[in-house]
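As written, the chain order gives the labels A, B, C, D and E, with residue 1 at the start of each chain.
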């Protein structure tokens, strides 16, 4: 019925995104995150939790050496430029996963439309639609998309019996030649949404969370729905004065506000859904 | 009274066109000048002049083709994008104009080319069967042929004219 | 019908406007491909739906009890069958029932074959559909189940009557359905890829 | 037009019958050396096929791509072959409209080159896919899934543009060859007779046919020129439309087009020399023509160099620190040797074409043309690879990734495939357009006559 | 759910009837009648296919004993989450805990008992095995029997203890390689309790001498949650500041506001230096007796600078911090206590708490557990030494080993492998054919932690004492192949003390009655036994009514004297064996997820490496990936170099846990085992093996490899952000926390 859709909803179909509203113009859900880098210790619990939840294959040393690892959630460790000699201020850890951009560079370039912006404000990756052109990853500024270079269920490393019994039936094991990435544990979100719909309501704050957020020992990761103004994540974003639909935040224009909220590569205008809170260091120490 | 077709072979365009010119001026009864045709190994706009102007409809097809290709593709693509799924992509509109114009442009050319060629085949009457009696491989080599159709006695006249212009060879064929 | 479906066009009129050249051809080919649904399936026990759902008029949800609270409708456990059949003397000697009892003795589940199989990457929730069309819209259960499973009460072993192809799902999702049997509000099924693809 | 050199593009006194004879000779039973070369090409192609089978079975990993190196030689070589195709159009279409009649003896094989290199490029799109068996998802046809490809993706524009370009240039090639097929028909025997009879569509050279033929040929030519430009602009937008440093460059489309014509002309020189040698076409593929092509190539080379410099300058003086960072990497990092080779081959070597003495030496021209193509291939690789190894995100930088034998094997194979097609072509289609050479001779005789009379 | 019998529940969940879908999205077309539908014969009505149910249990991956809940679906345990009801981890779970499912489903688990016959280990039945146990221990003299166990608590400990007693043996050894035993003995002396409670959340300043409390120390997940509070700035509390002092940067060090590298073994010197400086500043003078005050006089800034290599400026900053920020907390960790003078080090460090008056503020006493027999035995390395010495003396005929892999973890100089051969019947209770099991005469495969019953009392109790329940999260994978140690012990005890144990059908019954009998001891439980039991299983946590104690410091006769530093020209480098949170002492090295998870600081995977400071490397001409030979007096290993700024320039660090010769496909032949290098140095007061007192020399072998790491592959050796704004840092005084929630 496309033609009718086209003619009827022409104006709607011509709208750009995100729209200037806290939830970027999403009606029911806008899943987002806030990650406090001051308490993120870089312990990798989130990463392992992600392996457990999302059926990520273990690729083994040889493939890892070729940069073909499959961790959707990776912990990056950087050193201070100034004291690389002896890192007096410790290391800098950054949990990096798909930023679920509101205007994702990966989406426009996919030839088959396997990756889209969902009504819930996620960057969906439809595994079966993917033909493996890898254009999305080529265009991803964060390089958080992971390609199935091999047929991992066939690889000796990944799932020898009885390890397959651990696999989560709520999502597929991706086959060879498919692009995959962090989904904000969409299988959990869908389940929660279904329950909520049965009860004729929307998902409550804290009712559902991602595997990484749930595992994080220091609770550095906050996950929630930005449409709900009272959800933890909305409050964090609001208090940090980070606005979803802006590529330059007002607080940054007006000099040092001392607020810690920022988004990685904001200037690329991809409008990520993950806000990081700056790591703090005591200069007196 | 039977109609006859003859093909006169000439060595060069000068001879050929001279012959045609004379046939034209002679204005022989029972002979329609439009039935005079030149067969030659190469393109010859200058020579064709002597035949007077004859229609070339190809470019009409071209016009139709490109218009069809352009509009249809734009319409199809936009409505395909606006389907039930209508997924947002990269913050761009679901029906983004620049890409659609790019594709429209390509399809315009596609339509144009295809239909033009179709037009060519129709206009040039191809594919056709090669009648050996009034065709010779010499034409595809270096000789120019003049094909005339007319009543038997008018053809006689034409023959005379051809001889006058040192025709190399004349092939004849009776059509009903 | 097929034509307009596969050209994704509103009405036959528009379809005709569109039905040009290659498209028509393609429609023919793929339309045919989609419409086809495969036939009977060999089951360990030839379960007579016509008797249970048809003659007895048992509510589908009585046996497929999970359908209203889980993604999968679930095959009734042996227990369920025995619940009744232990006390139905009249049919005890039928070969099918004998088989049933054998399984029961061995306490091993019957290896039923899947009839309505979906690819592994599809997340279909019986729960949501039953909740919406049965509990909210209060339509008769056999009609609701029938939307996808066909007129089961006229079958013995269940057969696949619908293509269960993506296009077929969407053909229903994109229609407006009343949210319940009281209000006039309508909404169509989700069009979010991730709702069904996992 | 020959004020530069006294030598003539072609002898006017050459008999038309002779032209037929000379050209048709090239279609006759091939010499043993032909079969040797053909066997070579075939085996090269088979190497590629072997690699593809291995990759298809095992997964893209065997090509030793990784995160971030998502694309490798496949895309680079794809662009290379697309580029190749453009010169054919240049010669046959653009020069046709400009009435540069010296193109006539050589445009036919250039056209063929266009077609075949497009076919080769197509292969690379395919082998590049992670799930080749699902490639039809990318085709816009009504299907039982009710889904359409993403028309926003430059890759899809590519697909459509290339499809248009390929089919159009095949048609163009064919239309242009109909009169010659007629000639073949009139001279051939045995199966070839029937073969050409079908191809010739019963062409009899009547004025009606010629009239429509002329217009059609002209119209299609007009279509082809903007098409060719758009095709490579679109290939360029695969990169320019993306957001990556080193790719997101406004000047890419013209840059790519120039590069395309450049590599194409170089390839023409190569094939010109090969054909002239193998089929003894000295009469038709004359040195003056080669000279013209060479000068044309030089001009384009300079355009390409200019655009290159523009890009560097705009990056260097621009605000995009990431791109600048990348540019420095290209010149100093692990890719530096290739990058500099590209600069040398692309911008320094062509100066050989400016020197008359070199232009008149087949050997030198041959070597130069090969060097130019090497440079152009490297150019494509240097566009694709460094951006991955040194993109936005330092965490994933990988300066040491190297394509595996699978990738090299397929690049190697593609040349075999191209060679194979071209050799088949030379035996089935007259690689010099006979009727147009006749026209050339005819018109020049007229011209001379007039000039004598005047 | 409280009213169902867990064991029947497990019976009906035949996972064997569940088809596991490993099929990916390659499968696009489906046809009817191919796959079989999963169906049950007699399911419980709460059991709904495709809906996961959560069951509480206890994590046994490390001694912290966090509470977990396991997601069970279609009879399979899929994932572990933290149990919110446990005060230890408050619903959180570390990577090591997450990976427990891979112990359960590990492809290399033993599926049947093995008996040594004609040199090799041959499969045998449990019947033979148990019979053999009874036979071998039948008329055995007590002193001829020894039981070497890993850390143990709860009712299993009781059973083991009773079993050993029933043999009239005193030789029950609790061995763990990496416990803070020295610290505990010192704090026993100083505070009167071995495991005081720390309140990181209350502290304004934490100065930690190598205590890696965020990753590997005592109860990491709990400390992590406290750390969050500690870091948080609120109206009544500033953001806490963390200073970490250690020879090799631990994860805690990586998160410190100030990380101070120190020469191994000189922590005490620095500590006393600080004490001295503080006293000079008039802080805590009256808290110390004159003897101590005079004793610390000798430790001034210069000496600290000279011996500990801590610059005066850093020292002053530290003094300033300590005097300003209160309450503070000073912790002593493994790198401080792992020396011949480890006790003195620890004492000197803890003395700081006394001086700063932290005792009672950020440090207080734990609740006393009413059932000492259930209390945790954390184990120590003295046990191993004693065990090994007796073996060497050929004292033991029969040896049981459980939950320990001494052949792997014992230093080379102990020659434990050879000594073990001397005992004639060695029984190893294990899950895998590890190094020790390979030496055994009888290998008895145990249920995985997710198949077994049990109770645990964590050694470190953050809150009122918890007894945590361990229950099966799914049916046994190998019902006939594996057993619970509890059942085995019970079975043996039935032979020896029939009258005591005859009433218990099995371990489950024993546990149930043991708990229900004393249910009065737990707070907030209902009267009825069944309900109590089901509640206990449902919540997974039982709060024990224990009595609170007060804490006080007693510094008299606290030995804080620091020895003079001894150089060693032949072995110039200090060896720092670092603990990886994933592998600990190597018992988890066969978990693929943990192997694949990059080491947090080096980002290395699937291997061992030696960390060497870039400056030192430059001096010695070492590049990343060069294969180095690390040689101590007791052996040498070869491994790849990783240039690591976070290591003290005179030290090299090698992570523990790799270098297994056995233990399955994921662990075998991966990396090297630094345990083997250790010098025979023991802490003087406790006799603990001094882990950080080994001296080594480093030499290049000429070979070189490309290291396999996660961090970017660029010529830039030290990985920085390259000017991009990825991790942004703000100074605390610039930051505006007022708006934060």
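Following the convention adopted for this analysis, a residue touches a chain if its C-beta (ideal position, glycine included) is under 8 Å from a C-beta of that chain, and two chains touch if they have at least 3 such contacts.
No experiment lies behind these values; they were computed from the predicted model shown.
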Report summary line: Intersection of contact sets, subunit C vs subunit E, gives A, D
Query raised in the report: Nearest chain to the global Cα centroid?
Result: A
Query raised in the report: In terms of C-beta pairs in contact, which two chains are most connected?
Result: A-E
Query raised in the report: Comparing centres built from CA atoms, which chain ends up most distant from subunit A?
Result: B
Query raised in the report: Hey, how far is the Cα centre of subunit B from the one of subunit D, in Å?
Result: 31
Query - Where subunit A and subunit C are represented by their mean Cα positions, the distance between them in whole Å - result: 35
Report summary line: Distance in whole angstrom between the CA centres of subunit B and subunit E is 90
Report task. Go ahead and note the Å separation of the Cα centroids belonging to subunit A and subunit D. Result -> 43
Query raised in the report: For subunit E, what residues touch not just one other chain but two or more?
Result: 21, 23-25, 28, 50, 706, 711, 713, 719-721, 723-724, 726
Query - Contacts with two or more other chains, residues of subunit C listed in rising order - result: 8-9, 18, 119-121, 170, 174, 193
Requested in this report: Can you tell me which residues of subunit D touch two or more of the remaining chains?
Outcome: 134, 146-148, 150, 152, 156, 392-393, 395-396, 398, 401
Query raised in the report: Which pairs of chains touch each other?
Result: A-B, A-C, A-D, A-E, B-C, B-D, C-D, C-E, D-E
Report task. State the interface residues of subunit B toward subunit D in the complex, per the touch definition above. Result -> 37-45, 48, 51, 54, 56, 58-59, 62, 77, 80-81, 83-85, 89-90, 92, 96, 99-100, 102-103, 105-107, 109-110, 112-114, 116-117, 119-121, 123-130, 135, 137, 139-142, 147
Query raised in the report: For the complex, which residues does subunit C have touching subunit B?
Result: 8-9, 18, 20, 170, 173-174, 188, 191, 193
Query - subunit A - residues contacting subunit E, complex - result: 37-39, 41-45, 47-49, 51-53, 58-61, 64-65, 67, 69, 71, 74-81, 84-94, 127-128, 151, 153, 157, 159-169, 172-176, 178, 211, 214-220, 232, 235-236, 239-240, 256-260, 262, 264-265, 276, 278-285
Report summary line: Touching subunit A in the complex, subunit D uses residues 58-61, 64-71, 128-132, 134-135, 137-138, 147-150, 152-156, 159, 238, 241-244, 388, 391-393, 395-396, 398, 401
Query raised in the report: What residues of subunit D sit close enough to touch subunit B in their complex?
Result: 15-17, 20, 140, 146-148, 150-152, 156-157, 160-161, 163-164, 167-168, 171, 175, 179, 182-183, 185-187, 197, 201-216, 219-220, 223, 226-227, 230, 234, 435-436, 438-439, 442
